[in-house]
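The first chain written gets the first letter, and so on, giving A, B, C and D; residue counts start at 1 in each chain.
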Amino acid sequence: SVGAASRAMAAGAEGEDAILKLPEHSTGLGQPVAMDPGYGQPSKWETNLRRRQSPGLTRVDQASVSFTPLQGLFGIITPSGLHFERHHQGWWDIDPSKHRLMVNGLVKRQRVFTMDDLMRLPSVSRIHFIECGANTATEWGNVAVPTVQYTHGMVSCSEFTGVLLSTLLEMCGIDKKKAKYVLAEGADGSSMTRTIDIERAMDDCIVAWGMNGEMLRPENGYPLRLVVPGIQGVSWVKYLRRIEVGDQKWATKDEAVHYIDHMPDGTHRQYTGIQECKSVITTPSAGQTLLDKGYYNVTGLAWSGRGTIKRVDVSVDGGRNWRTARIEGPVLPKALTRFNIDWVWDGKPAILQARAIDSTGYVQPKINQLRAVRGTRSVYHQNAIQSWLVGENGEVSNVQVY
Amino acid sequence: MGRDATPAEVKAWDIDVRPDFKGLPAGAGSVSLGETVWESRCASCHGSFGESNEVFTPIIGGTTKKDIETGRVAALVEGAKSTAPQKTTMMKVATLSTLWDYINRAMPWNNPKTLKPDEVYGVTAYLLSLAEVVPPDFTLSDKNIAEVQQRMPNRNGMVFHEPLWKVNGKGDVKNVACMKDCAVDPKVHSFLPDFARDAHGNIQQQNRVIGPVRGADTTQPAPK
Amino acid sequence: SVGAASRAMAAGAEGEDAILKLPEHSTGLGQPVAMDPGYGQPSKWETNLRRRQSPGLTRVDQASVSFTPLQGLFGIITPSGLHFERHHQGWWDIDPSKHRLMVNGLVKRQRVFTMDDLMRLPSVSRIHFIECGANTATEWGNVAVPTVQYTHGMVSCSEFTGVLLSTLLEMCGIDKKKAKYVLAEGADGSSMTRTIDIERAMDDCIVAWGMNGEMLRPENGYPLRLVVPGIQGVSWVKYLRRIEVGDQKWATKDEAVHYIDHMPDGTHRQYTGIQECKSVITTPSAGQTLLDKGYYNVTGLAWSGRGTIKRVDVSVDGGRNWRTARIEGPVLPKALTRFNIDWVWDGKPAILQARAIDSTGYVQPKINQLRAVRGTRSVYHQNAIQSWLVGENGEVSNVQVY
Amino acid sequence: MGRDATPAEVKAWDIDVRPDFKGLPAGAGSVSLGETVWESRCASCHGSFGESNEVFTPIIGGTTKKDIETGRVAALVEGAKSTAPQKTTMMKVATLSTLWDYINRAMPWNNPKTLKPDEVYGVTAYLLSLAEVVPPDFTLSDKNIAEVQQRMPNRNGMVFHEPLWKVNGKGDVKNVACMKDCAVDPKVHSFLPDFARDAHGNIQQQNRVIGPVRGADTTQPAPK
């Protein structure tokens, strides 16, 4: 295959200038350590990879979304600077010394915690994905957006550190007989409220302050956020100020008017929190052009709100034939999982698809299978197999094939 | 670690209202009080009749007298015609508590938690009157709210499907992991429309300058 | 115990202002998504945690070190903005389209690769620690520096993505009979060169471009760096421009004049690349003051260049008695591992220590045991058990106890 | 993927010189040429005699005629006296190739890879003459460099301890995982000296403003 290096060679038979003429950085002195402000930034050559809004998706920028540029990311950890955002009433950079968490409701002791209190408690650190329930919403209908950033960019994965919610609830003397649900409430203008299943609450929910080794970023809920592994992002309440233990669901605005699934019979399914097994090829993906024929490493992400990823299959002929991809470790529960597979592009049109299978045996569905059960008016929980068409010119585009 | 919450503190923060109206403070507000609040504090964003699509989807519209009787918004059924151009809040919401709670905690958007309970009652009553759930001379209160709940147009429109709530539930959509010669419709069912090619800006500038691919220059038509 | 919240309560019996008087962020509208430049930053309340130089350690800022603030970090992933730096001739932000990698020496085909070429190859993504061979050098002698940032802050841990070095060497037709070592060479002014064992080279070395999901940061070698798991950081050549396959060690400046271990008999051990099993308590640690008596979660990091962490024990009485700590998953080979353990401070002086054991059964040594074998003039490979003294006033300080 | 390297390209980058002098280009440089190079391009940082401690540890010093004979720098032995205030490059380096290679690739620090081979020979010869390894009228070349290697003061000072090179090697220091009533010297052997308390700035400002601890205010003496 004619690689890029060979193309660059055309000029001089002696060799490339990039090698023969030593660059400034080989013959000069570089920059000092610990440059102000002692906190590093990405290369200036990387500015194309940014979180971006999808024009026309929302009407105001504080009740909106910015998408993670999955098309250019590697591995499973999402750089915190590129973590997707979803705010309902804008984000804040809250003074953490004035932040409080209250636990009330069906507990023996209604309690108030400072950040100091919380950060003294036994903590856990776990890698989990967070996906907005509306991720890939555009793909319920016809193809409408040009790249994986906009189709799938409301998913991220980070290492979260905090105290298990169960630890706090035990400390407050939760009434285990009566407690059926907890309500999580934020401190910002929206004061987001979401109902959490008591089984989740007593299992792996984390009252988290840490994300990827440092404190949560302000856009992600600094200084405190609820981590609800496997459940849609809206339940991961930011600026967490209160946990109430109760015996009924709350039907809050974002579980009674949004984050509900519109079924063909006109009903809406409420409380469908689980983010089911899903995968997507991130490179090559729509809006990208292959450099040339020949070998490519097809790479992508898979995840499941119900457990671990067991297998990912990839098709290059629109779903007719499949091969099992290589999964990069670690394979963690309710975390993004990176897959890779070899592919030699022969220059002919090809349709790339990935299909994930999780530890429950659930196989990621095709969009027509999803629609057969849920109709066409849903917004949330679009976890269908995604198709990318590689054209003869090497340009990849977003298509629907099933 | 931590300390007991004082009663005043719990009162200050424990503001949630459940579908059974647990948490609802005593109070009352008339449609006409609500109209005053609405015009001065809400209409600029949501329109005088809750119909505006400017800053958010419309709140009012698309519900009928019939819906109020049945408790199911007929326009939501697949294939049905709706009088509203899109799904409104009133078409979806089943629980009146949701509206009261949300307005009380989050509205007005740029100045949330500044309405008094009576104002929340009033403005909720006003929205209900726009949807003809209550008459124009109605006064909503903690005493009668449970009755009004019985007139919510979509009160019977919600279902709870437990398998999608529980982590150990089972998916409702089934695929099988066919590996060879699988049944596929060879037709491409949908392409990105031409007008959408550059609707998100130039994709070339949203991809790295090195690597196995380059971003497509979407200022140009798709190459042949 | 008298928590911080209770202290803050003193003022009003009704309750705290932080709860009773709603803050601006509960009653106002926040900031929009995707704020310029579409790349997020830490909270303004977090500016104390910075990479910092150790005054007097080096004479010039481009041949120097900046240390990671371990005292405030969580989990195992190091935020890339706080990754420690060690430069010998300053750092550069290299134009990646002009960067080349050459493979030469004992191979059938001497080859040149562009970044485009490399990034098309089958990649792996793995979480590994990188530790400077000189980390904790100050602690060979008497106590000299005040905090864990300066004693242990030349270790970081990231998810790296790239092509296995073995893949490249196979592609070039490595002469497996004759090849015994490879040389890695950088493109910067120092053109750092280091000899790598052929077994390492053909095992888990990665020619990496990705770090924590995005491209390497310029300070860490953008666009290409060799990852040599378990081996001291100086071998992880930045701005990697060349790999030569050879049959003898190179004795380059940084393996003949530095990164050598001064033994009591006056000889220097050369090529002692392995970073042996080590651990340190990061909170509470020197320079920190405990808020109060009572419960604390003692937390820290453990790692081994020879494999995985099997166990971490913690002592609060200067090494007389030990309890086994809770290890947070995932436990990965040659990666940082987070440990946590309960401790109730009774207000009396206490000496905290952690001791790690790796998968080979090696037990992290005491400083006197290290000195008994290696004398007192070594600079590198100080992996002794670290002691922190908690004074009656709650202030923690750096001490030596064994 | 990739392409063959041209001979000119390999030549341009394959600059390393091994201990057996593989990779060393032909050439020669006298001590006096070296002195000229040194004075104009090196001395500002390293001092006229390679003794400067300003931008880096001294290059020259601490080696003796005896060392040149034995090939072991005696001052390195534990307890021995050294004439140099600290370990110099010349005291440590065993392989002459290392000096040649490093100067050629990385010096002068602010303008590396700009010396011609003869200049590298010359400046290396100059450094060797300062250490009295070669006489002041010496000319170092690819022809005689192997002989000069035989006079390097610390040429026999290096050992290779394989277990610390191989991942599957065994550590040379052994501890056992005692859990109870372990033998410990109760004495604290070393404390942070008072003058070092604030030598790294105010530690209070290097810790978070919340959490289980606060940074100590090191502008104040340690509290009692």
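Just so it is clear, contacts are C-beta pairs under 8 Å (C-beta built on N, C-alpha and C of every residue); 3 or more make two chains touch, one makes a residue touch a chain.
Values in this document were obtained by computation on a predicted structure and should not be read as measured data.
Participant: Quick check on the contact network: minimum steps from subunit B to subunit C?
Facilitator: Counted as steps through touching chains, the separation is 1.
Participant: Could you tell me which chains are in contact with subunit B and with subunit D alike?
Facilitator: Shared contacts of subunit B and subunit D: A, C.
Participant: Just curious, how far off is subunit D from subunit C if you go by their C-alpha centres, in Å?
Facilitator: Chain centroid spacing, subunit C to subunit D, equals 23 Å.
Participant: Just how far, in Å, is the C-alpha centre of subunit D from the one of subunit A?
Facilitator: It comes to 47 Å between the two C-alpha centres.
Participant: On a C-alpha centroid basis, what's the spacing between subunit A and subunit C, in Å?
Facilitator: 27
Participant: Could you tell me which residues belong to subunit A and also touch two or more other chains?
Facilitator: Touching at least two other chains: 3, 5, 16, 19, 26-29, 45-46, 49-50, 52, 72, 89, 96, 102, 112-114, 116-117, 120-121, 189, 191, 215, 223, 291, 294-297.
Participant: Tell me, which residues of subunit D touch at least two other chains?
Facilitator: 1-3, 5, 9, 13, 109-110, 112-113, 208-212
Participant: How are the chains arranged in terms of who touches whom: line, ring, star, complete or other?
Facilitator: If you draw each chain as a dot and join those that touch, the picture is no line, ring, star or complete graph.
Participant: What are all the chain pairs that meet the touch criterion?
Facilitator: Those chain pairs satisfying the definition are A-B, A-C, A-D, B-C, C-D.
Participant: Along subunit C, where are the residues that touch subunit B in the complex?
Facilitator: 1, 3, 5-6, 9, 13-16, 19-20, 22, 26-29, 96-97, 114-116, 119-120, 215, 223, 294-295
Participant: Contact residues on subunit C for subunit A in the complex?
Facilitator: 3-5, 8, 16, 18-19, 23, 25-34, 37-47, 49-53, 61-62, 64-66, 72-83, 85-87, 89-96, 98-100, 102, 112-114, 116-117, 120-127, 158-161, 187-189, 191, 209-210, 212-219, 222-223, 239, 291, 294-297, 299, 326, 328-330, 332, 338, 340, 342
Participant: Any idea which subunit D residues touch subunit A in the complex?
Facilitator: It is residues 1-3, 5-6, 8-9, 12-13, 109-114, 208-212 of subunit D that touch subunit A.
Participant: If you look only at subunit D, which of its residues touch subunit C in the complex?
Facilitator: Listed in rising order, the residues are 1-5, 9-10, 13-16, 18-20, 22, 53-56, 72-78, 80, 87, 89, 92-95, 97-98, 101-102, 105-106, 109-110, 112-113, 157-161, 164-182, 184-193, 196-197, 199-201, 203, 205-216, 218, 222-224.
Participant: Would you tell me which residues of subunit C are touching subunit D in their complex?
Facilitator: 45-46, 48-50, 52, 54-56, 59-60, 63, 69, 71-72, 88-89, 102-104, 109-114, 117-118, 120-121, 142-147, 149-150, 171, 183, 185, 189-191, 193, 197, 199-200, 203, 230, 241-242, 244, 246, 248-253, 256-257, 260-274, 276-277, 283-284, 286-291, 296-297, 305-306, 311, 313, 318-322, 351, 355, 357, 360, 362-366, 369-370, 372-377, 381, 389, 391, 393, 395-402
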